[in-house]
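Each of the next two complexes has chain A plus one other chain: chain B in the first, chain C in the second.
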Partner chain A sequence: MNEDYIHIVLADDDEDDRLFFTDAFEELKITTKVQTYNDGVYLMDYLNSEDAILPNVLFLDLNMPRKNGMECLKEIKANEKFADIAIAIYSTSASEEDIENTFIHGANIYIKKPDNFKKLKKALSEVVTINWQYHTSGLNKDNFLLRL
Partner chain B sequence: MKLFVKFDFNAVCTKVLTEKLDALDVKYNLLGFGEVELLEKLSSEKYAAFTNALSEYNIEIVENQKSILVQKIKDTIIDMVFNEETIVNVKTSAYLADTLEHSYGYLSNLFSEVTYTSIENFIILQKIEYTKQLIIEGNLSLTEIAFQLNYSSVAHLSTQFKNTTGITPSAFQRIITKRREIQQNN
Partner chain C sequence: MPLKSIYRAPWFVKAVFVISFFLIFFVAGVTYKNMSDLSDSSDLVTEKYEVAIELEQILSYLKDAETGQRGFVIIKDSTYLEPYFSGRENINNSLAELKELIKDEPEQGQNLIELNFLIDNCLANLEQVQRFILKEQNNINSPAFEPLFARGKKIMDQIRAKIKVMLDVQNKKLEINQKEYENNLKVTPIFLYLLMLLSLLLLIGAYFKIISNLKKLEASNQALELFKESANQSEIVSKHGNWTWNIEKDTFSFSDNLYRLLGEEPHSFAPTIANFMKFVHPEDLEKLSAQVEEMKENENLPFIYYRVIHKNGTIKHLKAYGKVVVSGENRRNLLGTTTDITDEIESFRALEKRNLELERNNKELSAFNHVASHDLQEPLRKIQTFLSRLEDKEEDNLSESGLKYMSRIKNAATRMRLLIDDLLQFSRTNKADKVFEVSNINLLLEGAKQDLAEVIARENATINADAFPVINVIPFQIQQLFANLIGNSLKYKSEDRTPEINITYEMVKTESEKLLTNATADSYHKIEFKDNGIGFDNEYAERIFVLFNRLHNKDEYTGTGIGLSICKKIIENHQGFIFANGETGVGATFTIYIPVV
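Take a look at the complex of A and B:
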């Protein structure tokens, strides 16, 4: 029915996590296009490049070498050009402090990395569906907070 | 010699439409008032050919009716949620069916097909969005918000808020307040 696809980007230094992530999206019924980057520097280089197609949803791992997720988040939020991107933190940390801190700095979604593939698919599907609602139903994105 | 003819526009158009649809070799229902239900999916080539064939007669396909109807469902729900009268007194399924003149079952299936979510979930999402807005405005307590949005109790609203967003209403309020402080300092 919907011809458009949703453009997803993930920055994560763990190869297995990147693979699970890409596989999970392939199995969802929503059409997505997924690109992955190995750390924050590669990610920001891509986003700042002139011909970059900005993602609808950007997933950020928190612990990455060279430039971590929090640094990326702050850079992205400081740049008007990226205002339309929904930002999802995708991390193994479940510390309340980390979670609240990322939300305060402008993240829309916080996902604790699930321990199995089925849960991962469910979580990603939920993220994409709700994000789609914000996108298509004119909801106020400043109030978009989701924790899974 | 002069002849006078009398024609029935509706019959003429229906005849044209029927011929062109038959030529497409798809199953369809004519619903009247310019509404056609296709019972199978149309390839984009066939769709283009059909549009072309109709344009000869200046007949245009107005819009994808499904998207229009889904938009109407959304608008109706939003009106209903944001209106104090309806949210308290009206049963959603009956209200949608009456307003949009389709059965609730039809509307519900169509909605799920197009939006990847159900009408029920969409209503919850809208109510939670409204709650967020009222929390941020800060004029009402959560108990008053629960009452205004017709929740049976403040606990029910809190639970639904937590289930939908993963965070509690008070955490939401705290986060938004701190976020604004940071934005103001920048």
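Take a look at the complex of A and C:
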């Protein structure tokens, strides 16, 4: 793990959302390295590649073409190699079903995409600064969904 | 009423005829006996007179002989002896006659023998007198004559006495017989008369009974006729036909309408199984034949379904049911009913089709609702996010009207967000996977209050609630319902007073609630939310539950017109009812009924 910056990866098929995401981190005063991928297939190709630098926090959109967020989540959780990656679900929907399913399959936090840029920045900054060790040990269904 | 019950007994007429038969038989027998008794006794009388006549005749012959002899003694002319000579023969004839008459009576027989002896003596004496006259030359003064004469008189007296004895015996016998006969005659006629009267009465009773039976028979015949007609009618109306199958003789009888079910005129063909099978749909023929065979063996069978084809090509669906009925000496009859269920099947199919369509429509609608609200969220969220960035970064560069437009766009986007969120919630309420749990309603109300804690605090609202029992409900939906109703009351609060909501609970019987007109359960949990808000005109009491229906302009009150529709949906999910009652300026009352299970 590199001490200088937090390595962040986002998989989202929506160009606007990727733009908001990278813009938000640019404006935040946190040293981060942000990489984005256009869908689940690109993401998994990267993660599985030999020279991949595994991210500290992975943001996963659920609704993506080819390979959706849920499939990615299952693949990542099935592989020991990715055990240290904190996974944040980053979705438009906040349906009970999606929250429950991703929680069961081992995601660490669920973020409903905010409708306001300030809120987005706040959410992202909170997520990347979480003490994951602490958060994960006390994880339950109530604090799984990030409340702003 | 033993008499009446005897009269009503079915064996009454039979019994009367048997009794009457024996009575008449008896009377005939007794009468016959009486008649023969009567003839016996008249025979006896005749016999007595004949005996008397013969005896008198004997006496008269003897007297003639004696008189003739006396003449002979006086005149000494032998012609006077004529009666004596003829007398002998006549007396013998009479004696023979007598003997015949009294041959059954030993006593009289003895008397007759004695009489005969006396007569012989008498005649012998007369002969002696004659000889004496001839020998002594009419010397009637001779001393020897006198004893002869005297002896003749003595014998005559004895004969008279004997005849009297014989007549007495005969008389006595007649008397006894007469008495017996009279006795009989005194009692039997009354007895016979009574017997005849009795059997007459019985026969009259039987006659009335037969008449009334006939009337009843006629009445029941008429009723039967009517019943037959109505059975015919009902067969036609309900499209069913009856048939009877005598299994032993292998004969059938079909009711009129069974022919009609096959599209034929009644009795237009012989009722046989072969003729019937001609109408059966080829695909069903094998199955039906097997089932018919099975019918003969089993007492009870399930319904048989098959199709028939009319001569004009119409296919009809029939349903048949048969039952073996054993009557008399093992006579096995299969009684069957066949019903035309074509309409039923067609309407069932139509219903099924429409149900499927409806289900598909519902699914589509639900999917559309869900997808629309989900997919609508994404562009809206981006609009809002871009707007927020525009506001942050470019606010200083915008003119006053630009700022105004941006504010309008923001309002419109916020409203759209509200609509989408409510729609999403409404579609979630529609979901089929509702899990009922026995829930603490008090906790659900607390949950709803917590959801609205901010507003309640801001409005300084008072909420009073009764204690609730546990009720079997879908918990999150009921909490949603409570939150919506409280939220509704707070939104439409009166400006003049602090909001107060009173929530009351009562368990009620269906019949005591005027509002429950088409309720299915016997009793209901009744929960009432009463507020002191602005209320509404009762004219709209039903409309407020309709989706997207609003009573107020959205400039006055924000809202989507979905909240109360969700309430109604939730209550319908619980097979309950919700009613609104308002008074403008005073407040609104929402009444909820949830069935007690």
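Convention: the second predicted complex is superposed on the first by the 127 of 148 C-alpha atoms of A that agree within 3 Å, B and C clash if a C-alpha of one lies under 4 Å from a C-alpha of the other, contacts with A are read in each partner's own complex, and residues count from 1 in each chain.
As a working rule, a residue touches a chain if its C-beta (ideal position, glycine included) is under 8 Å from a C-beta of that chain, and two chains touch if they have at least 3 such contacts.
Predicted model only: the values in this text are computed from it and were never measured.
Once the two complexes are laid over each other on the shared chain, residue contacts for A:Ser49 go to neither chain B nor chain C. If you count the residues of chain A touched by chain B and by chain C, you find the higher number for B. Of the two partner chains placed by superposition, only chain B is touched by A:Glu100; chain C is not. Once chain A of one complex is fitted onto chain A of the other, the partner contacts of A:Ile130 are limited to chain B, with no touch recorded for chain C.
Applying the stated contact rule after C-alpha superposition, one finds that A:Ile30 touches chain B and leaves chain C untouched. When the two complexes are overlaid on their common chain A, residue A:Asp16 makes contact with chain C while staying clear of chain B.
Shared-chain residue A:Lys113: touches chain C; no touch with chain B. No residue of chain A lies at the contact with chain B in one complex and also at the contact with chain C in the other. Residues of chain B that touch chain A in their complex: 66, 74, 113-117, 122, 125, 129, 132-133, 136, 165-167, 171-172, 174-176, 178-179, 182, 186.
If you check the complex, the residues on chain A that touch chain B are 1-2, 29-30, 78, 100, 103-106, 110, 129-130, 132-133, 136-137, 139-140, 143, 145-148.
Interface of chain C with chain A (complex): residues 374, 377-378, 380-382, 384-385, 388-389, 392, 413, 417, 428. The touching residues of chain A, counted against chain C in their complex, run 14, 16-17, 20, 23, 92-93, 95-96, 113-118, 120.
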